[in-house]
Every structure is written in C-alpha cells, then in structure tokens.
C-alpha cells in the first residue's frame, strides 16, 4: 500500500487526515491507531497566534457543513515548543499545514518548520477562505501562487505540498503555476466558499457571514478538480473533499490522486480513516491489484 | 407578492421554474397551476437543433445530482413553429433560456425570439458547462460576457436576464460586466462543474465525464454568490441553486435576490414550486411584511 | 391525469432479495396501463436524493391499491424493502406509456428476466381480462429469482429457464426450447439489457413484432429533464415519456 | 477512554415534546462523570449530517445503560424521538468534562431550565451516592416542561417555577423565593443561555461559586475542529473539550 510522494515523503498507505479536522491527532487516539494511517496533517498554523473568528463558527448544510474557524492557533513557535514534542514520535507522518496573511509570514514559518526533524512535509495552505488575506489572495491567481510557493521553496527543503482553493475559474492553471514554482505535490480541494442564513432570525448563521463548505456535498466538485489537475501536472496530486468511505477514496485515486485526505467525515465517524485504509486494501485484493499505485489515474474514459 | 424586474418583466410572485428542469411547463400541468407561478423558464434552446450528449446523462450525488444533457433541443425555429403556439397562452410569464456555441448563434437566436409577443424575456445562458464551447467561454471572463451581452442587447429589446456560471473566481466581477453590457437582470447560479465515478467499473458515470451539479448540495455556494452579486450590482438578481422549500427561497431573498428559480427540486416534488410560493406568502404574513419586496436584501449582518 | 399521492403499505411479502409491496391510496387511482411505472420517494434515505422509478406490478382499482415488486440493489431499494406495514410512501403516477395491446387472436409471448418479470404480471392479467392467454417465458440466475411463479402460471402457460439449471431448462431465455416449438405474433420483453437485446435479435430473425421495456436512469420521470434518453431512429427520446416500452424497430440496437 | 458504540433502544418514554431514551450497549461502559455528553448519530435523517450532542441524563453501569432526555427542536431530535424499541443508535462517549464535585458538607443548588434539567438528574444521583442531598430549582414555561419531577424530588428538595404559574412559583428561576430563604456554597446551572446568565449574575452578587453547562453548536465533539468555542479569559476555548461545564469566573459573560 506504500505511496512515495517524492522528496522523502513516503506514506505506508494513501490515507491522511485533513488539516483542521483531526486536531493534532491526539484527539483521535482512542479511536484510531495512527500507525494504520499514511499521515496526519495538523491544524492550520500561522506564524503568529490567532484567536480566530467569533462564535458561531459552523452551520450544517445538506450533506455537509460550513465553517469559519478562521485559523485559530497559537502560532508556529508554540507549536514547536509545546505540541511538537508531544506528537513528534507518532508512528505516522505528521505534516504541518502552514498558513499566512503575507508572504513574509509564510517564509518565516516555513523556515522554522524546516528545522523540525520529524515533520517530513508542509502542506501550504494558500486557500483558506475564512481569513481576511488568509492566503486566499495567493491561492486564486497564478502570479500569487507562483510568488508564495517559490519564496517558501527557497527556505524549505523537505516535501512541499501546496493546498489549492477550489474557488477559481481554472484549477489546472493554478496547479501548473504551483508546480512550476517548485511544489513537490498539490493537495485539493480546500473548502468551497459558501453561506448560510437563518430565515427566522434574518441573520447569517456564521459570525463572519461566509465560510468554507466541506463534506459529502462537495465530492463531485473535488473529484472533477482532481481529475483536471492530475491530467495537467506531473507532480503527485493528493485528493480530498467529501471522502466518507473507501469507495470515495478509490474514486479519487482513479481520477488521478496518489493519496487522499479525510476531513469532515472524521466528525461523523471518528474511526473512519482506518476503515478507509482497510477498505482500499480490500478493493485492491478484490480486483487483483498488486500495488495500490496501480489505481492512480486508472479511470477508463 | 408582485415583483417588477424591469423592462416589462413583472412577476405575480417571485417564484419561477429553472431552465432544463421544468420542460416547457406542459409536463407539470397535472401538478401545478401555472397561474400560481411568477414565471417558467423553458428548456435551454440553441439556434440550431442539438442532439445533446450520449446516455448516461445523470448521476445522483449526496443531496444532489449531476447532469450532462448537453442542451438537447430542436432549435429556435422549431420552438417558434411548434412549441410557442402551444405554450404562449399560459397564464404566467414564459421565458426562453437561450444558449449558443458562438456569438452569432446568440445574436441570431435573440433576434428571432424578440419577435415573439408572449415571451417577455430571454434568460441568456452563458454558463452551460456541458458543451464544447457551449457558452462556458463567454460566462467565465468579463470580456467574454461583455461581448455576448452587448451584442445580444443590440438586437433584443425586451427584458434580458443573464444567467451566470458559478465556476469562476470572482462572480461579482462577472455580474458587473453583464450589468455594464446592458443586462436587465442576472440570474445565478447555473450548475457547478462536477464529476462522478463508478468505482467498480472504473469508469465515469457520465458519458462526457464531467457534468453540472445541482440540488440542495449547492445551496450554500449559490447563496454566497447571490449575496456577493447583490451587493455589487444595481440590477435585480434572480437567485437559484438548491432551493427546495419556502425557507430556502426566503434565504435567497434575504441575501439580495428579487426573485428565485426552482430547479432540481421539481424532480423530487413536482408540485414544489407552488408550495414555495404559498410558503413565502405565509412567511411574510407571519412576520408582518406587507410586500414581498421588503425581504430583498433584508439580511441583518 | 398524473397524481402525486401518499400510499400506505398495507401488505408486504419478503422474497429475500426482493419484496412485494402492496400500497393503498386514499385517493381514487387514475387509469393505469400495464407497463407504466411510478416514481417512488424514498424518505429517510440520505443517499437517495431523487425518486426511484419502479414498474407497476399489479393494480387493484377497487381497493385503490398498487403492488410493486422491488429488488434490493442499492440504498434506495434497500430502504424501500425495509418499510414496515403502515408506513407512508409517496408516489408520482402513472408514468410513461405501457405495452401496446395485441390484436384479436394474436399469439403473445411475454419474456421476463430477473426483476424484469415485475410489469408482466399486471400485463398478463389485463390480457386475461381481454380474453388473451399469453405464453410466459421467465428466466433467472437460479430458482430463487423466479418469484410468484404459481401466480404467473395461472395467467398463462409458463416456461422457465435458470442459468444454474435449478428450475426449468438450464441456460438463458433465448435458449429455451419453446422458441423451436411455438411461434408468436407479438413478443414483449422486460429484463436486463443484454437479455432484451438477445430476445429482440431473435424476434427480428423471426420477423415478429417485439416490444421491450427499458430501465434507463431517470431524474424527473416526466419528460422534463432529458436525462433518460435512448438513441432511436428519431434521435434521442425520453424513455420516461415516450417509453419505457418501445417497439424494437424504433431503437438503434 | 472514549468509545464509539452501538446502543440498542431498550425503553422509551414519551413526554410529548421530549422523550426519554434508555439505551443499552453490548460493550462495558466507560467511566462517566455527571455533566458529560454523548455525540449521537442520527441515521436515516437526510438533514442531519453531523452527530448531535446530548447530555447524559442517567447511567446504569451494571446494565451498560445510558439514558438520554431529548427535546424535539429540529429534524435530528425529531428523528431520534421517533426511534423504536430495538433500534440501534450509535454514540461516541463520554465527551467533555463534567461538573466539579462539591467539597464535604457544602450546600449545593442545582438549577435547571427547560431541557437543561437533563444532566442534573445523573449529577444529583451521584451526589446522593456521596452523601450530598442537593437542592434543586427547576424552571419551565409551564407544567408540562417539568419532566420526571417526582424522580428529581426523590434526589433532593425540589423547587419549581413556571412562567405561566401552572406549577410552583410563577416566573423565572431567578425570581424564586428560595434565593431569599436559603444560601448555598455551590450553584450548578444548565438551561437556556439567558437563564444561565441571569443565575450566574445572581451567584456573582452573592459571591457563590457557579458552574454552567454550555450548549454551543458542535461539529466534532472532540476538540478537533474548534467550532464550538466560547470566549473566556483564556481566549477561545472548546466547549466540547474544556467544557461543556465551566466555572462562570472563566467566562467573559
């Protein structure tokens, strides 16, 4: 089931957990043996601490949810001092999801994370739709993404995964720009920008009006984008967006993903990630695939 | 409940049925008294007949569906000769949804429809994602939309509603371009581009691989875009995307829509459109709104 | 005239993978032709956003009752099969066009495969009412696929094939000896597409008029969405509206 | 240690708008503190994508049983309330931190409003087990909101207010005469936010330590998503993990 994503990032199976939905992994150890996962991606982290957005931060939608957490976190230094020592010896890949509100934040943060032995990769979040200048500006234009990826590339020497925003006209173009600027892989999709209204109160359901849509409802859009990007780029693609079971995960692999992430589904079944890994293995056995890599892009069109 | 959308398009209530989901109205007369609706928007029509895409054309998704009908229709002339006489005396507004694969098709089609007394408006579909060059190119750039809207404006003298694609980075920008080019109103959203895969067969579920996502799952995205566009433009906004009941419809009005359309929900409950109209009226009575127009943009942020 | 109506599940018979659902309406039933279908709303099944098309298996107009024969293949049909007596099930009906009635004295063969036998029951009953006793040829993978066999036998001479030979002749319906022994003026088929195509071919060879009932994926069921199209000599036509029953001459098979 | 477990509905009591669900697990229950909650999966409810947080109303460790008191407010709780005996309900438990136990000999008041009385039942029972008989002050809109009143009365002296005066003193809990007549060392509150704020204010005036149980909207229930935060003197903290019970001194109310 091994997947080599390049530049030292090797997963024992294609299943990772998505940033912001799995805490620091510690929240799930009663339900999940982390050694059964390809990796976990910890909470979105920024150079400086952030209090995030006011409550309420979530609203349920048809087969999904909106959130506007707004990157609440205690900053990279706190992560290094307090959290890293607790989680660095997890028997799985621990990736850090790095976000920023200006170029400098990204570069300084990446530099600091580069020094952490047990973090094999950064997932660069250029796509969080919840924060003013929360990277969104970088993620939606080719020039923006080129700039932030190439600057981070200069200081970060391990695997650099760039997480793409789906809120764009042409996702393949953005992915190509990330690749050209030195990304080792791209992951997609982050949340779709959405909104919810309480008709009785005539108020938005979220404190900051709009938020990010995730969960099963976004799967068709995510799958389409993964397929478009995988056709366009040569670097590995990590697929996510609404994956709730092994069949969903296989679909993303067939569309061209080399690995997948599970997000919102962790809330519904805290043990879903290991079940997906097991189910993907069973799928391969059922259809006689020797290696999980045989699934990648195996869609017959 | 009357809504005046300008340039002669007056609806007796804000509820219309969305193009491609209500046939020519005739398919629903056993369930719906058309006189209870603000209007119906007939199937996407192109200058020349189109066979559409091969079967299979639809796939169910979480709280939604994908379709790739691909604008199957018998062309504007057939509409004029055969369908128009049958439906022109419906006691409601009958709008024609006009699509094209090149500028000329739009202009010629609009010219022909301009001559039809009982069609008070065209909904210009610049956003169908299913056809090679099927308008997608016009709908996703400001220059594309400016061009097609201003050319059609020259020959079309009644209400020109422009239907926007959600598959763009900045929907407000596109709407502003449509407004500047002479649109009388904008309607949004058309379908989100998506994809579905049959993991067992390792094949796409749709004949042309990708299709348009609609239904309850897209509501949060649609609501957000209506809100963004309503803040940006001065012309009326017609909101749609996942509306399944009166509460949903009220939410779109609060976000800034002057009228709404109901699409996929017609498949689930063929009588839903009149129920929504009744429910909106009941909402106004419950909260003491004298005019339905008081709801437009009444969201308290 | 089509209607949307709530039905109450008054009787349910379990056949393992399939169930028979007897449903009663408060409203008077509209006129129903054999071969027409309903669109069922599967409430409480999150994966089932759209209605499900199901053939009308039997009609009792006096009791306002409709019977469906449903095979469990996915979440929607599984959920339907788990309905309890007394549950309410919403349906839109009747949809599509039924089988065309044979002429006086014509010899009629009804061929059903798997769950495709469903619409043939009501059709055979209506034929009986018109004084026509059809011949039935029903096929399945094995014995357990042949539901309500005795009831079908009452409506006409009934032949059976099973792929594993557990009942009737072993093999596919097209291999049954009845084709050698008898000839027919009209053949009506419902079942898996490959089976319908094989029967259609046989019928064409024998120059016999053949109607098939298609099961294309549907969204609206009303001819509004154009999702369910079949390629015909007249181009793409809606199976839900112009079908589900088609004369095979019209199809581009 | 938290677990995900299937429970069987073994007993159900209907109180109109609310229901009591007695649920039994095959697995041994983990240790449960009063004030902790479960995340319930509402299967077969299309509008209910996420789990629903519900307080633990009672525990019978010997029988592996947990009781929930659920008020129907939306589709999820309506669906839960319509569960039948024998149905399987999946829960993640136990979540959050419970009420802090009072010191020896401390005089304790439990204040519950509406469905907020739910967690106080198990809390009062545990207190009884420790030899503490709490005073209870329960409020509702009217008599029918005061569920299981006799059971509560068995666990401690119980006072009642109703807004319409149909039972106990008329008005809100903060207006009850017991506040004039008795004094307490510790006050625990669960109910609608305005009511909790009013009690917290009263407690602060009297300089009495006060704990409240918050019901912020939740997604994960595990401290992973940061959706359920409350503003505290330490910034935004997760109600599901650091709460749901908070000492009011910590809150920015």
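A, B, C and D label the chains in the order they appear, each numbered from 1.
The rule is simple: a contact is a pair of C-beta atoms (placed from the backbone, for glycine too) under 8 Å apart; a residue touches a chain by one contact, two chains touch by 3 or more.
What you see is a predicted model, and the numbers here were worked out from it, not measured in a lab.
Shared contact partners of chain A and chain B: not a single chain qualifies.
Hopping across touching chains, the smallest step count from chain A to chain C is 2. Comparing the CA-atom centres of all chains against that of chain D, the greatest distance is found for C.
A straight line joining the Cα centres of chain A and chain D is 36 Å long. Separating the centre of chain B from that of chain D, both taken as means of CA atoms, is a distance of 47 Å. Rounded to whole angstrom, the centroid-to-centroid distance between chain C and chain D, based on C-alpha atoms, equals 54 Å.
For chain C, residues that reach two or more other chains under the stated contact definition are 46. Shared interface positions of chain A, defined as residues touching 2 or more other chains, are 61-64, 215-216.
Viewed as a network of touching protein chains, the structure reduces to one closed ring of chains, two contacts apiece.
Applying the touch definition to all chain combinations yields A-B, A-D, B-C, C-D.
Of all the residues in chain A, the ones that touch chain D in their complex are 20-23, 27-28, 30-31, 43, 51-52, 54-65, 67, 69, 72, 215-216, 264, 266-271.
Per the touch definition, chain C reaches chain B in the complex via residues 1-4, 41, 46-51, 92, 216-231, 235-236, 241. The residues of chain C lying in touch with chain D in their complex are 44-46, 79. Residues 61-64, 66, 140-141, 167-169, 192-197, 199, 202-204, 209-210, 213, 215-221, 223-224, 227, 242, 247, 250-251, 254-255, 283, 298-301 of chain A are the ones touching chain B in the complex.
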